[in-house]
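The two complexes that follow have chain A in common; it is paired with chain B in the first and with chain C in the second.
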Partner chain A sequence: MSFLKWNGIDPVKEFIGFENWFELLKDNIFRRALGNNFIIVILSIAIQLPIGMALAVLLDSGGRKLNLFKTVYFFPMLMSSVAVGILFKYVYDPQFGIVTAFLNAVGLKRLVLNWLGEPGVALYSVIAVICWQYIPFYMIYFLAAMTSIPGELFEAAWIDGATRGQYFWQIVLPLLKGTVRTAAILSLVGSLKYFDLIYVMTEGGPVNSTELMATYMYKNAFTTFRMGYGSTVAMALFLVVMVTSILVFSITKREERG
Partner chain B sequence: MKTKVTFRQVIVFILAVLWLCIAGAPFFFMVQTGFKQQSELLSGPVWALPKVPTLSNYVGVLTGKFFIFFRNSVVVVAGSVILILLVSAMSSYVFSRIKFKLNTAIFGIIIAGMAIPVHVTLIPVYLLTNKLGLYDTLLALIGPYVALNIPMSIFILTEFMRDIPRELEESARIDGCGPKGIFFRIILPLSRPGLVTLAIYNAVFLWNEFIFVLVLTQSTNNRTLPLGIWEYQGQYAANIPMIMALLTLASLPMMIAYLVGQEKLIKGMMAGAIKG
Partner chain C sequence: MKKSILRLQVSIICISLIATLALAGCSSANKEKPKQDQSAAQEQTKTAEKSAPAADKEKAEKKKIVFWHIQSTGNGPKIIQNSVDRFKAENPNVEVEVVPLQNDPFKTKLKVAMGAGNPPDIFPTWSGGPLYEYVKAGQVADLTDMMNKDNYKDYFLDGAISMVTFDNKIWGVPVENIAVAGIFYNKKIFEENGLSIPKTYNELVDIVKKLKAKGITPFALANKTKWTGSMYYMYLVDRIGGPDVFKKAATRTGGTFEDEAFVKAGQMVQELVKLGAFSDGYNGLDYDTGQSRTLMYSGKAAMELMGTWNIFTVKSENEKFYNENLDFFPFPAVEGGKGDPNNVVGTVGDNFYSISKKSKNPEDAFKVIQFLIDEESVKERAADGKIPPIKGFKPENPLLQRVMGMLEKAPSVQLWYDQYLPPELGELHKDTCQALFGLSMTPEEVAKKMEEGAKKFFGK
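On to the complex of A and B.
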């Protein structure tokens, strides 16, 4: 399919060899999309994992008293990405959104921006939403791993005079190394495939500033009906995901051995 | 009971409340705006609770096409989940028990399916659906949904069934139970925890699925809830309270499911992640 020039409807399909692939290599929008995908990957891992971990520690040390908090913390995970996207379109609204209302209330009026409308800002606004939605996932994930650590370890550390901080850094974190690694891989692979949320919030705009490989593929294949080129983008997405996964897996494997 | 409140507990509590605000504020905004009149939203502060709560937005949403979307979602998700469980239970049983030459090879190919990003399959699925004449039907969705979720389901179930002791089957066979009997009377009931987890995992994922509905259906009457809210949003973009009421209603089923079966739902949602 990636070797065709075709609008998806006509019976006529024109074979054009590698032309689509050459176009892809020169395509600035695709490059932008790829870059955005990787910005999301990096920021997702850098923001979601630590906050998820911090919340897990918080809930773990709070015990049952914080169960109600845990319930509410998990709510964002339950909404569909579409609903989250639409909700945040209004949360970010420069006139009556709650972000603006909050900034006004604390006297930072001049910080009010058109969060989704400025090309330089939109991507980060979107990433904030992604974090909001997925942090609960990592929180629960880490929490599950923490509760499986036997309590005796904590007691032993306590007797040896370790502080809570020492206990966390020297006992909990090393034990959770595998869990953290898996979480990072999940976040990485997931981040390469975002579509729903971005499509609903910005459709890749303004001026392609939030374009991702998946949204670009969708637009080519189903909005401008360039099925052949859309397939090329899809293949590229597939290759990127594959290569990254294989790389990550072989690196983590080597670490395990050595 | 200790009644002394330590400094550390206070810090923990403050941090907990802080995150509660971050996680909960959008929900608070969503739910309470749904009870406002449009004019009140535009004139008053967004945080203020509605002075005269009105149900008209909720009524408006419910008298619209909400129930059509809802019904479609239920039909598609239920149909897909039942098919997924049936097919993967049967094939997992074969993969976990019967030794034949191509067992590992076929299993490997199916499992490799997990690695393919769904968006890549979008264009071929769209073309195939058109060819089959299924475009813009609910049936068009069930096929891809089943196909895309089977690899993971088989993977998890096969692992699960391997742990069921063989002795149980052997004694059943001695008692005169045929292969069918063994499968339905022994394997299926023993796999129930695994099946429940999988059902939840698939249902949650499919309930929120968006892109296939976007591509494979067209008419409002054949769209599921996520697409329904997306269309509404385009249509009533200016009527914010109405949209907030819609979002609230659309999110309710999952919230209720979560409050009823918290542990099970979390386990189900994690199942996909941990094995994948």
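On to the complex of A and C.
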């Protein structure tokens, strides 16, 4: 389909060879979308995994009395992205939103920004929400892996006089290596094909500043009646996801085996 | 080391293999999809036929009409159902399947259905570019003869008929609502600050400055939605250069989007932005979730340029505000502008019902549509706060009477640009307009980009 010029309704589909692909290579908005996707990938991995890990360690060492927190922290994960998107539209409201109200209350009025309205800021506002939504997932994921570490190891380390820090860095982390790697790839693939939350919150705007490959694909295929070009974007998205995940997978695997 | 190189090679081969496979799979799958849908649909009808008992022959012969609509709020669905029931009472041999849909999913669903060759008999559009797209694709039935029969088309406002006339043929029936854009304002704020209704753009700028000095946001604007900001731009273009500037540029008949009027309108929009005329963070606020209306209700903002559907949205959301504070005035004139200040931007019909070319019973489908806008439904729509696009209609609501008055006086009604233009250019207009409001493109750049887009699309 990416070789066709088709509006999605006409019975006639015109074959135009690689024209869509040439246009894609020259398309600034697509390039921007690709860049935004990678910013999300990098920040997601850099923010979500460490915080998820820290929370997991906290909950793991806290034992049963922190069970309530486990539920509370996990809560964002239970909400649909669309609901989260609508919720945060109000949170970020520049007049009535909680963020604005909080900054005003603590006397940081000059830090109040147009969270979703400023092209330079909107992407990071959205990333913050993505992190809020997905950190619990990694927390539970790591927590599950940690509970599978046998208790004897902790006792042995304790007897040897290891501190908590040493125990974490030298025993837990190496044992969780595989888990972390899988988490990173999950986060990578998820971030590359990210769609719903962004679409609800900004629709890729303002002025394409939060455009992602998936939102751009949707717009082309279903709003501007350019099914052929939309398919080209979809195909490119697919290739990017596949190539990067295979690369990351092979690199981390090689590292693991030395 | 060697091992890893080997692994890399293997993975590269794997990637390319999978990629080609996926490409091939993807394209063939897509080609087959419409067929599959069709055959699935055929199968469905087959099984339906089979399951119908032979004795019930009369029922099997019943003609069937599938009718999609998007009147999902308030009394909308009820009014439509009442019309259909009246139709059924008079035409017992026709079965009508009414499918109510949500606005945005509907757009996608209609496209997929058309592409798959399985469209509904009756479907709504907003006329303009998207409808013309379907007309060009040969998917819409020509209604000219049926509209001319017994001069049926004279029942409707001329402006409404002209909105669904392409290539000198009529492709749809205007039914739902007339909506024009006007500036809604808070009467109390105007009184308290000694402001009067502006007749010219300069007077409007004065009001903006005065309100700003008092710490009141002059205009509530939720421009994530994009068409909201576009309203200011459309009115300014119209007031500066008259309606022909846009029409000539959009239909490629001797006009260009780089016309002075477009650039000047862009400059004026940016002047307003720089004066702080719009609510904070306007480019991130969402009209659909009411983020601009809450500014009006709370008294933080004094005005909002909006379609007249706003009258009933406000009435249902905040009756107190509606009774005590809400009023509106037409967009002011621009000094030295060519456009008649009585011109309005809006739509004369809102939802237009068309019949798809594949429909087996176009005559019956047309009858169903006639029932949607018969006397009874006109009454029901009026009670629901809508203005049906028919001649001689007198609404009871005083605000709506003024809307009707504006419309009767208007020498020209400009359909929203994003609906008038072909979808691809409509989106480009909304994007560039949002950039204009965000000060991230100059008016000249916007004009140039629109002209380039139009040239590319029309090939001239």
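The rule we apply is simple: the second predicted complex is superposed on the first by the 257 of 258 C-alpha atoms of A that agree within 3 Å, B and C clash if a C-alpha of one lies under 4 Å from a C-alpha of the other, contacts with A are read in each partner's own complex, and residues count from 1 in each chain.
Everything below uses one rule, namely that a residue touches a chain if its C-beta (ideal position, glycine included) is under 8 Å from a C-beta of that chain, and two chains touch if they have at least 3 such contacts.
Predicted model only: the values in this text are computed from it and were never measured.
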item	value
Which of chain B and chain C A:Phe96 touches, first, second, both or neither	both
Partner chain(s) touched by A:Gly205 [first = chain B, second = chain C, both, neither]	second
Touched partner set for A:Ile39, first chain B, second chain C, both or neither	neither
First (chain B), second (chain C), both or neither touched by A:Phe222	both
First, second, both or neither for A:Met235, with chain B first and chain C second	both
Partner chain(s) touched by A:Asn114 [first = chain B, second = chain C, both, neither]	second
Chain B versus chain C as contact partner of A:Ile86, first or second or both or neither	both
Greater residue coverage of chain A in the superposed arrangement, chain B or chain C	B
Which of chain B and chain C A:Ile149 touches, first, second, both or neither	neither
Intersection of chain A interface sets (partners chain B, chain C)	1, 8, 86, 89-90, 96, 222, 227, 231, 235, 238, 242
Complex interface listing, chain A residues touching chain C	1-3, 7-11, 86, 89-90, 92-96, 114-119, 122, 202-203, 205-208, 219, 222-227, 231, 235, 238-239, 242-243, 246, 250, 254
Interfacial residue positions of chain C with respect to chain A in the complex	4, 7-8, 11, 14-15, 18-19, 22-23, 26-27, 30-31, 107-108, 111-112, 114-115, 117, 130, 133-134, 136-139, 223-224, 226, 279-286, 289, 291, 294-295, 298, 300, 422-424, 426-427, 431, 434-435, 438, 440-441
Of chain A, residues touching chain B in the complex	1, 8, 55, 58-59, 61-62, 66, 69, 71-83, 86-91, 96-98, 101, 132, 136-137, 140-141, 144, 182, 186, 192-193, 195-196, 199-200, 214, 217-218, 221-222, 227, 230-231, 234-235, 237-238, 241-242, 245
Complex contact set, residues of chain B against chain A	12-13, 15-16, 19-20, 22-27, 29-30, 41-42, 45-47, 115-120, 122-124, 126-127, 207-208, 210-211, 215, 225-227, 229-230, 233, 240, 243-244, 247, 250-251, 254-255, 258-259, 262, 266, 269-270, 273-274, 276
